[in-house]
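Structures for review follow.
Note that chain A is present in both complexes that follow, paired respectively with chain B and with chain C.
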Partner chain A sequence: MELNINIIIPEIILIALAVCLIVLDFFITDKKKLNTIGICGLVIAGMSVLLGVKNGFALSGMIIQDNVAVFFKLLFILVGIYIFYMGRFFEDRIKGWKGEFYILIVFAIIGMEFLSSSYDFISFYVSLELLTITLYILTAYTKDNPHSVEAGLKYLITGALASGFLLYGISFIYGGTGSTGFGEIAGILRGGGHGLNGFVTIGLVLIILGLTFKISSIPFHVWTPDVYQGAPTPVTALLAAGSKAAGFVVLMRVLFTALGSVKEEWMLFIAVISAVTLIFGNMSAMPQKNIKRLIAYAGIGSAGYLLMGIASASVLGASSIMFYLLTYLFSIAGSFLVIVIFSHVSGSDEIDSYAGLSRRSPLLAATMFIGLLSLAGVPPLGGFIAKFYLFAAVVKEGLIWLAVIGILMAIVSMYYFLLVIKRIYLMEPVVEEKITLEPTTKLMLYGVNIAIIALGVYPGPFTDWFVQIARQLF
Partner chain B sequence: MIETFFFYVFSVIAVISALMVVFNRDPVKSAVSLVLCFLQVAAIYVLLRSPFLAAVQVFVYVGAVVVLFLFVVMVLELKKERLGEYLHVRQKPLVVILVLVLFVGLGSLILKGRIIVPKGLYSESFILKEGVTETLGKLLFTKYIFPFEVVSLLLLVALIGAILLTFKKE
Partner chain C sequence: MLLNYLPVLIMIGLVAVMAMMVLFVASLIRPSRPYYKKNQAYECGIDPIGEASIGKVRIHYFVIAILFIIFDVETLYLFPWAVVLKKIGLFGYIEMFVFIFLLLVGFIYAWIKGALDWVS
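And then the complex of A and B:
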């Protein structure tokens, strides 16, 4: 097969950006300039994804470019731009800030982009490791803070274990089918008769278990709260919005594309994982006192919702996963921008310190309000539509019990998010001082809020597009 | 026949030494068991007609990685591992049960597993004709060029990370 190198032009631009940043880091002392260059580079890479990249296979079938990959690449670049912007606020709080932070973020984005277009277990695994190892370093980045180092270590150990599961599973799939390419495996399994044997089943189970680490669902969820709390806040946002989406795109490719013909084997397994994750995540979120920890547990719950889409194994399920991830990105970007700005002002991530935020800065309060309610799934926000489609997808496949658990847990999540909102709007502020925002920040916050509301009020074009591109996965 | 016999000998020793790595409380003994385990894996590579991989395994893992481990042990003066004292005792039966379930589940599925797909292109005669190293080199730079290049990015990231996390400004 031919090389088709032009398919990975956006990634090549990003690699060039990373190398440029490494070199410029020596000469530029004001790291905010580095940040601006990074954002410009990301925008250019995003444009190159939109324009001029043809669909097809590249690098001897290791890489695929289809509309699913295009959507996820744009999503990751958007995540990258928000993380870079958050970095600007975070920078001032850290003594001896180093420019490597931005370089590593670019590498993480490269890893996610490659993951979204991997079409072979080998390219998938190396891209996953590129992403994960970058995230280990980023998590432990503020090494003067013992929480951050602890988080990095915990993330590393759980990640290494999950990687072991994943590799063992991949080797069983290779043993059973004699191939590592997703397309070839699908062809062999569809070939009938000998399709499924013990080896493929073992591989399937171990790969699913290994990938639950990336999407932070049961049984590899334990790292989530500590890492979300301990990691630098922009990195937490990257973990929540980017790394989780990357986990789901590979889960969709592995399960729908490569192992789609044996879906009876894994549908129920995924449904059970989804139900347990939903109940665990939402129940444990209730007593949390730290906002990042709360979002971590809510994020475990979200992984449960997204797994509902996987469990339905249908075009509707896949498209609703994409819709959910899009709304999730905006909710996370909005609320984490507020968290970064607020902790920059007050130095605290505790929920109690958010008391009376609405009087100190109405825009920050409103962003938190909209972001959290969208995570909880309140109409008419984007999160409601996303959950609605997920429920529809599982009901259509006859998994009504899963939809019932999902709806009950949505009510639970409403409770703990409203507790935060109550503090923001109804309690008296401890400090009366107003929080002033830069014009660009205001623009970013307005953009996020408008996007969440627009996705909720007028989801039609997006869902149509997602249904169209989700067909390519099957 | 004789190959099968040796395969089982090497595998059994590899598994036993891997268990010794985990169960030994003394880091030096663990590292030495790890050497034993890596050597058995290298021997299995030889049985699989891949002397190049076996040599790399011995050079990189036995030669470099484990020696690094031993250096760390020496420099840090590691005592006997004491993590066990911090573990929750009540969780132990649960762990044993979970491991047993995994073991039985995997074992029963492995017994059901069969390899039906035809064997690949790289048969013994092909390798004898082309040579292991040549085949491997050609594959790395043609079919597997993408993972090869991504791994180089990975090494760059690891380098940056290692310097970043350990460097102290005076």
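And then the complex of A and C:
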């Protein structure tokens, strides 16, 4: 029974930040200042993750701090900074209660941080719900927009159903092994106990199904397009980059750490889900007219790629998931920053309205170009290396058919991303007016572009580090 | 390989059969005598006004209920804390104040934002 409060200092800083924002909301009328304070707080929390925290267990083994958790915590804080920055351009769409929007985003980030370091089914479920419930509210935040309310309701109903699956699964695992801690479950399963396997199989199937809601893959993918389209754009970016990454880190902890010794039971199951998700996501992305909806379907496809890494159940698979999520974060942050700025100027999310963007703002066009091509997986960019490692991981485990589907679907994804790029670069703009950008915005956009290119040109140090930290999961 | 998933299949079958059987057997045994009063929505014994699906629901009831739950949970945590207070010492003592402080901030926020004002 040890508390080790010092391990959760970054989360305590974030909670303090949330409380500060609640109080300051009364005194500060210019909510842009609140936004700046939020970004500063996130930076401080990120520093504390980097500098002050030792590895170990906290709260009686409920929370683990290892290098995987450190990586994901930094990732989530980076997501948070970009989401906050996007909030600046979205603010005027929110009628009243703007401060609360930022407070809820901070709470969602706290949920993701705890999720990335949960080492017990109880703490896992509580932090998952902290994240999901804040996202329900954030999705329906623009109350005057019927799409947003509809999205929130759909998200809530699907989420409640998925939570039911998850809890039922957890109860089966608990019934089969007599424990909720990931480490203890791994120990019990490694020690044999074949009489219990039936319960564990039912439990793990239900847990995987429940978690497909968070990572937006088949069978709980139906909410994705509607919610991505209807939710406020910063929240969509949070769902795409943050919530998905959080889903994968717990999926890795549950499957690799807790249930790693029974991997024959779930490898094929995950591989089939991955294949179906890949085909469905990429095929349905083709006819989309709305950019957020397009990225939603492409996001379902990405979940399929990431599940390939889970299906390989190896250190290479886990490290390539981390690499993919890192490049995915930059692609999503860049392209959503463009989407939010563009809709701030033109008020539209339709792909057709992006016509001639390159003549209105070359930087926005270039960011969209690099972000979308990285999502598609074009060679000099980070997305290519990430996909390459994922294919390598599944081929190494003998799942060649899955890699073939993945490569075919990468070609399909090239088609629909290039359609957007064609509009941006080759078509004549409807409105000629130039879009002017603030210096900080330019800095943020250059940041993501350089990061995507750097990850593609020189991935060595990152992949080495990811392989090293992925060993801790097994 | 696929045989590993047999328990899942058995469970799906069992659940489906069980659910259908319960509904079917119940429909055989129970008496069915619906009349107007019985089919009415139950609203604390008062005659319902309008349709629930199209009628206006005052969202304020919901806000008050949520605020009530916050304090309900707070008391729920205060009781076990009070019982083991001597064991957990000063650290636990302070920690409960942190918890109450966080709740209090939320409560004051709701108060100032007007969640407790009854607009009629």
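Here are some notes:
Throughout what follows, the second predicted complex is superposed on the first by the 467 of 474 C-alpha atoms of A that agree within 3 Å, B and C clash if a C-alpha of one lies under 4 Å from a C-alpha of the other, contacts with A are read in each partner's own complex, and residues count from 1 in each chain.
The definition used in the following text is that a contact is a pair of C-beta atoms (placed from the backbone, for glycine too) under 8 Å apart; a residue touches a chain by one contact, two chains touch by 3 or more.
Predicted, not measured: the structure shown is a model, and the values here were computed from it.
In this overlay on chain A, chain B clashes with chain C. Touch criterion met: A:Lys143 reaches chain B, while chain C stays clear of it. In the superposed model, A:Ile133 lies in contact with chain B only, and not with chain C.
By the document's definition of touching, neither partner reaches A:Tyr446: not chain B, not chain C. Taking chain B and chain C in turn and counting the residues of chain A each one touches, the greater count comes from B.
With both structures placed on the common chain, the touch criterion links A:Thr201 to chain B and to chain C.
By the touch criterion defined above, A:Phe388 reaches neither chain B nor chain C. Within the superposed three-chain model, A:Glu265 lies in touch with chain C and out of touch with chain B [touch as defined at top].
Of the two partner chains, neither chain B nor chain C is touched by A:Tyr425.
The superposed model built on chain A shows that, among 9-17, 27-35 or 99-107, the segment of chain C colliding with chain B is 9-17.
Common to the chain B and chain C contact sets on chain A are residues 3, 15, 22, 197-199, 201-202. Chain contact summary for the complex, chain A toward chain C: residues 3, 15, 19, 22-23, 25-26, 97, 197-199, 201-202, 205, 264-265, 268-269. Within the complex formed with chain B, the residues of chain A that make contact are 3, 15, 22, 59-60, 62-63, 96, 98, 100, 103-104, 107, 110, 114, 122-123, 125-127, 129-130, 133-134, 136-137, 140-141, 143, 172, 175-179, 188, 194, 197-199, 201-202.
Put simply, chain C touches chain A in their complex at residues 1-2, 4-8, 11, 91, 102, 105-106, 109, 112-113. Remark: chain B residues 106, 108-120, 142-147, 150-151, 153-154, 156-158, 160-161, 164-165, 169 touch chain A in the complex.
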